[in-house]
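Below, chain A partners chain B and then partners chain C, in two separate complexes.
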Partner chain A sequence: MSAGPGLESLVDQTISVITNDGRNIVGVLKGFDQATNIILDESHERVYSTKEGVQQLVLGLYIIRGDNISVVGELDEDLDSNLDLSKLRAHPLKPVIH
Partner chain B sequence: MLPLSLLKTAQGHPMLVELKNGETYNGHLVNCDTWMNIHLREVICTSKDGDRFWRMPECYIRGNTIKYLRVPDEVIDKVQEETKSRTDRKPPGVGRGRGRGRDDGPGGRAKGIGRGLEEGGPKGQGGGRGRGGPGGKPGGIRGISFFTFIIFYLSNSP
Partner chain C sequence: MLFFSYFKDLVGREVTVELKNDLAIRGTLHSVDQYLNIKLENTRVVDQDKYPHMLSVRNCFIRGSVVRYVQLPPEGVDIELLHDATRREARSG
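Moving on to the complex of A and B:
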């Protein structure tokens, strides 16, 4: 990420989004607005569990409403491609409590 | 690209809407507004657990109840076409010459003192912001039928 606040610098990059319901969605940021509504292209959800490796669900083109977004982060694609998700175990995130 | 422009472009296309309460609505987008309120036709509503279904000819969803929208992949290419044709229509020269201009960095001229003849002064810099980008994208997920969901739901409905 470079130069200043905001998501402008992440456009056309792969990002990882944590939603209020505890999902982790990874995709290419195509656009956003003042309300942090986000366009994610070629997105997939990563489902974490302690019993088996990370499952990836293909989602495609998504518009996520800003209300439902907790965290947006840049994804290091080199680092990510070296991960063996099938061996990764983790507790699923709990939803945000308002 | 703004999320709401993408949504506007998706008019007439099938889409899946999940609400904050977990219900999902599958239908064709008729219209939407700047609050993300949406009007769907030929709708199948699915309960949070995915075990109950309701068909309805149309429905109207208040924007702030939406969690996310899933739209067909090809819609994003249509937005790009539209923004492109809009910029093509612009006469040349529009979009230049606004803004504050730029100081010439450290040690720049002291403005307005002494010298009489400064040519032009600080000028607007940078001509417009680029849009459009790489052409095609690497294949991948594209092309999976969006209807598979609806068919799946239909075949499971009582």
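Moving on to the complex of A and C:
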């Protein structure tokens, strides 16, 4: 089949994953498969809240099952370094309802 | 396979993908696969004030299973062509 929207181009890049339960995990993509299972290295979770800025929780090496993945975004390092996470306030994302 | 082919013809167009978590992402359709996973380029979230979670993301992969709607440009929809194709597919089973 022709080149679909695979994740090959994102390997070894920093990505931002949104999971079905609304979490946002940022890390370096190390591997993936057809089911969108993902291996993330040096990962951390960004916890959004309306009360305080974004909290970052260190997670380390993570495997995320494809079933639980909504979006995989390529993190633009320049845009991200200009972002002041401590000032960012937002409701956490809603979980996916199938 | 019908909608796979259909989306492949829309590559390069500007679309809005609404997800099952109410997040809506607008961008240029880069590619699509058999699962209707979608890759968008030059993305922006429709309501950035409410959803700043993807502010530093410009290209993204959306898993087909979480897509609720894909909003298409009107000029990208040929109703007659779709009618014919769906009828043909329905006949062949």
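Observations, loosely collected:
Heads up, the rule we're going with is that the second predicted complex is superposed on the first by the 94 of 98 C-alpha atoms of A that agree within 3 Å, B and C clash if a C-alpha of one lies under 4 Å from a C-alpha of the other, contacts with A are read in each partner's own complex, and residues count from 1 in each chain.
Here is the rule we use: a residue touches a chain if its C-beta (ideal position, glycine included) is under 8 Å from a C-beta of that chain, and two chains touch if they have at least 3 such contacts.
Here the structure is a predicted model, which means the values were calculated and not measured.
With the two structures aligned on chain A, chain B fits next to chain C without clashing.
Greater residue coverage of chain A by touch, when chain B is weighed against chain C, goes to C. Of the two partner chains placed by the overlay, only chain C lies in contact with A:18; chain B stays clear of it. After overlaying the two complexes on the shared chain, residue contacts for A:48 are found with chain C alone; chain B is out of touch.
Contact with chain C, but none with chain B, is seen for A:71 once the two complexes are overlaid on the shared chain. By the touch criterion defined above, A:88 lies against chain C but remains apart from chain B after alignment on the C-alpha atoms of chain A. Taking the Cα centre of chain A as vertex, the centres of chain B and chain C in the superposed model span 100°, given to the nearest 10.
Contact with chain C, but none with chain B, is seen for A:7 once the two complexes are overlaid on the shared chain.
Minimum Cα-Cα distance between chain B and chain C in the superposed model: 15 Å. Shared interface residues of chain A (contacting chain B in one complex, chain C in the other): 67. Partner chain B is touched in their complex by these residues of chain A: 12, 19, 21, 30-33, 37-39, 41-42, 44, 58-65, 67-68.
Within the complex formed with chain C, the residues of chain A that make contact are 1, 3-7, 10, 16, 18, 20, 22, 24, 36, 46, 48, 66-67, 69-76, 79-80, 83, 88, 90-91, 93-98.
Here chain C touches chain A in the complex through residues 19-23, 25, 30-34, 37-39, 43, 50-63, 65-66, going by the rule given at the top.
Put simply, chain B touches chain A in their complex at residues 1-7, 20, 36, 63-64, 66-73, 75-76, 133, 137, 140-142, 144.
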